[in-house]
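Okay, so chain A shows up in both of these, paired with chain B first and chain C after.
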Partner chain A sequence: MRDLDPDLARKRHPAFGRASPWVFGLLLVLIWQVAVPLAHVSELTLPTPWQIVSRIRIDYRILARDASVTFLEVLLGFAVAIAVAVPLALAIFYSSIMERTFYPVLIALQTVPKVALAPLLVLWLGFGFAPKIVIGSLTAFFPIVIGIVVGLEMLEDEMVRLMKSMGASEWQTFFKLRLPAALPNIFGGFKIGIGLAVIGSIIGEYVASESGLGYRQLTANAQFDSTMSFAALVVISVMGVVMFYAIHALERTVTRLR
Partner chain B sequence: MAASKETSGSALAKIHGTPIAVRGASKTYATRSGEAVRALDPIDCDVASGEFISIVGPSGCGKSTLLLMIGGLLRCSQGSIQVGDALVTHPHPNSAAVFQRDLLLKWRNVLDNILLPVEIKKWKVADYVGRAERLMAQVGLQDFKSKFPDELSGGMRQRVAICRALVQEPRLLLMDEPFGALDALTREQMSVDLLKLWQQVKNTVIFVTHSVDEAVFLSDRVIVMTPRPGRVDLDLKIDLPRPRKLSIRSSPEFLSYVTTIRKAFEARGILVEE
Partner chain C sequence: MTLECVDMEDVMPSAYKIAAPTRRIYAIACLILASVGFCGVAAAQTKQLTPVSIRFSWKLKGEFAPLYVAMDKGYFAAEGIDIKLGEGSSSQAALGSIVQGQDQGAWIPGVYAIQAISNGLPVKVVGLYNAAAPNVLLSRANNPITKPGDLVGKTLGHSIGDVGTTFIGVICRKNKIDCTSFKKVTLAAPARVPALVNGQVDAISVYTSNDVPILEEKFGAKAFAYLDLPKYGQRVMGASLIVSDAYLAQNPETVARMLRAIGKGFDDTIKDPAAAAKIMLKHWETPLSLEVVTKQVEALNAAVETPAGKPMGWVDPQAVEDTLDALQEANEIKGRKETKEYMDNDVGRRAPPS
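Our next item is the complex of A and B:
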């Protein structure tokens, strides 16, 4: 596992390792900035990065308000997904009846495109927070359950036998062995889940809403305001990245504590 | 209290062993198709308190099964096993096990791995740190206590597993091919180290192995098992003086014990040339 640690590359080439994603990102932005005027593309079709950044600076109040709405939707959607996924995953892991009952249904449901449920959810739940949270949690839910179940099932029987030889209860076995051993998979599921929760919430906003970054983008599009649409997109991306790394940081803290 | 002496090189306290009585214990597995497979024919054997016993036999003869049954990690199909005064129904609180794989928790450092059973048994960890450190010093791990398992060699990891078992001061130590995954040289060193530890604690040890030399070198008694379904084929007392050195393995007495065991194998169609 240690070999897959992204920190390893940084340890080998400390300065370059830390700077390389920024350098690459900046290079892409620079090409974009230079190529657009050279190709005589209008701002309406594709604004330059500088135009987008300027727009964010001008309209930061609106964007910040929209971002806070979307942020809350994503966070709540993710929280609901975890609240449902954890007990379900434990039931699937500990009970063969539950596994036989829920697992096939879960896999069947996974093939349903959850975002396609968005219009129906709006019909049932209205225009407020609720449908966004439900769509967000539905999309985030599956990888979280799978992460927990697979993580717990990966443990070798011999390890459990060792714990038994020490006289460990199942409670002790879970907290000293099963859970810490499953953490990489569990957090893997969380990391995929949070990204999907962002997508789910934005889709929910596309269908029907009065605020949020998805709503902002949609209205900007309707007004042929590509720059604002891009500005909202940038804020969405930044939010996704920040949430991903928040979970990454949480993982590192929890992993150190185990 | 064992933890009172903090000097790392000092000897380990003696642990009282425990007698074992195996009475007609057998094991039958059900295969997936519902077929019954006899892994172990009824076994009768007695182990004296503080005895070092090895069980040797071909793969699949049920020697590990017998060990797991004695440890309470597997039920007998018939018969019974008694460890000390207690009938074995689940893992005996006074026994500890070492398996072929070290089974260290990779997120715990060496010291915390050794102290895991102390935590599980809800003993006071502080009382056992001294004993853990003395054990580590005895097997050359004193400079590795903050290292993590993936920073150690296979031999080192298995030493940690042995310390983890002995920190519990077990009256009965169960070892299931503990050196089976190690290279030949490390393996010899490990048997020397194990004897050094056992010479001090003198508890009851049951040691399952494929290696005839290892069994004779370590044990007071070697039990040779037949191929599946396993039965006791030969129960051989090893009257070699202790403490034993590696050089004993070229003595005529040692070689005659090894020959006796090999002959028993040959009579069962194992280790036959042609």
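Our next item is the complex of A and C:
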């Protein structure tokens, strides 16, 4: 009987394992490229991948400039989310009163659609960077808090008692035991958070912006330019993927060092 | 011969010796003083210009050309205004921005200001340039809707904020057709044109000063048919300048200067729409051609109505009344105030009509 190893195929055919997502993606793109003209779908309704790529090539300067604006918003929103989430998560972990106080509020805040909050934030903060950063951080910070709290809680009590029996202080226990053990969950929260920060920043740009990829998409829609709208979407996706894998690379570096 | 480094301290008379750190401090102090002096001069020169920012209802379009003409030709500066024009994300956001004091003027379809004032927002219409918003019902040429009676049995695509379809009741009443004889489906704004092109709806409402020239360039002038809504009685206020009550009370002279500058911008835009379109494109990163933007500007010009003997931008009380009628008919407002509470034509000291 074969061992039930889910990674068996990948281990036997490592090249296939690495190539399969690319092959699948390419297949989807090819189907899209062929199906659109076959079905006589207009460019206004659904441009082909080739039209989108050509448009990116022609307008790469505009898209690059918009991408840099959105990137900055995402980065700042994510940084603010971490800055708020870390102390909050530690407070929740170390104090049951804080946990009982903050958790319901966090959950309530998480369930409020940020699309509904965005116009109010624009009213209070104006049309500049601030509302985009706030929306990005509001969208990102919940999974980061949860990731940290769950990661810290996962440690077995025996390990903590062992540290304490050897005379370790809480500080030492935290940095030498709790934090390293929690890293996978923390980075899991970061990875979810970065994607949500991208979404939050784009929502902010939809509501109030004069630059950025969300702005570019809105203006393209207003001018019935579906190809540019899709081009902006592609760049948003690429940005999200790059940022996700940047966090992944950081995770691998940090976990190797611990 | 050898050169020897000489310490300046040895050769300078002690009375004139200044320690190196002290020399550095003096040099920095002189630099700061020079900078302050320069800034002071610059500030004195720019002190005369009052900073004013006007927030648009939406992203850039040809409808905003007169303001860019006024900016480009220095009409605002001549009136002592340092103007900043900003794209917006909705009429409501623009109104909120002036009430919050983030911007000083909002350039939006006046109907939204009238609605907001009816709901208690402390703003006023101080300039009206399109007494009837230039909306049309757009339909496919092979299924044309060119008069109100053609609507019977059809499906109208409507989006939140669409002026033409929101106030379709006015068309029904004034042309004696039954509004229940056609369907109205709500779509997201970006989905309206694809829905029309794909036959999912029979008509949508668009602006001649924005959408029509773009669509005609994409699909050809013969691809569509039009029902002129103002012609059949739908007269709701279009392009307008709105200011907050607080700003108007504290800065009436600035508002008057804004209006004069915009009036001059409109005069030039009406005289030469192609030149206005060129100026617009200098400030607008868009793939739209000069021809399309010129057509947008021409459509804006065609909708400009200034009663005889009145200055450009004068707010016609009848336009306010017509808009209030439409808003009440569409259940967009609960009650209405006196006409004078919606507008201010007395922010006078306007330039006399030319």
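Rule of thumb we're sticking to: the second predicted complex is superposed on the first by the 246 of 258 C-alpha atoms of A that agree within 3 Å, B and C clash if a C-alpha of one lies under 4 Å from a C-alpha of the other, contacts with A are read in each partner's own complex, and residues count from 1 in each chain.
Operating definition for what follows: a contact is a pair of C-beta atoms (placed from the backbone, for glycine too) under 8 Å apart; a residue touches a chain by one contact, two chains touch by 3 or more.
If you're wondering where the values come from, they're calculated on a predicted model, not measured in any experiment.
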{"item": "Touched partner set for A:Trp22, first chain B, second chain C, both or neither", "value": "neither"}
{"item": "Contacts of A:Gln223 with chain B and chain C, given as first, second, both or neither", "value": "second"}
{"item": "Partner chain in contact with A:Thr45 - chain B first, chain C second, else both or neither", "value": "second"}
{"item": "Chain A residues touched - chain C or chain B, whichever exceeds", "value": "C"}
{"item": "Partner chain in contact with A:Glu158 - chain B first, chain C second, else both or neither", "value": "first"}
{"item": "Touched partner set for A:Gly167, first chain B, second chain C, both or neither", "value": "first"}
{"item": "Doubly contacted chain A residues - partners chain C and chain B", "value": "none"}
{"item": "Residues on chain B engaged by chain A in the complex (per definition of touch)", "value": "71, 73, 90-91, 93, 95-97, 99, 101, 103, 105-107, 116-117, 119-121, 150, 168, 174"}
{"item": "Contact set on chain A toward chain C in their complex", "value": "42, 44-45, 62, 119, 122-124, 126-127, 206-210, 215, 218-219, 221-226, 228-229"}
{"item": "Residues of chain A that touch chain B when the two form their complex", "value": "1-2, 158-159, 161-168, 172, 176-177, 180-181, 255, 258"}
{"item": "Residues on chain C engaged by chain A in the complex (per definition of touch)", "value": "55, 58-61, 86-90, 92-93, 96-97, 100, 102, 189-190, 193-194, 197-198, 211, 214-215, 218, 285-288"}
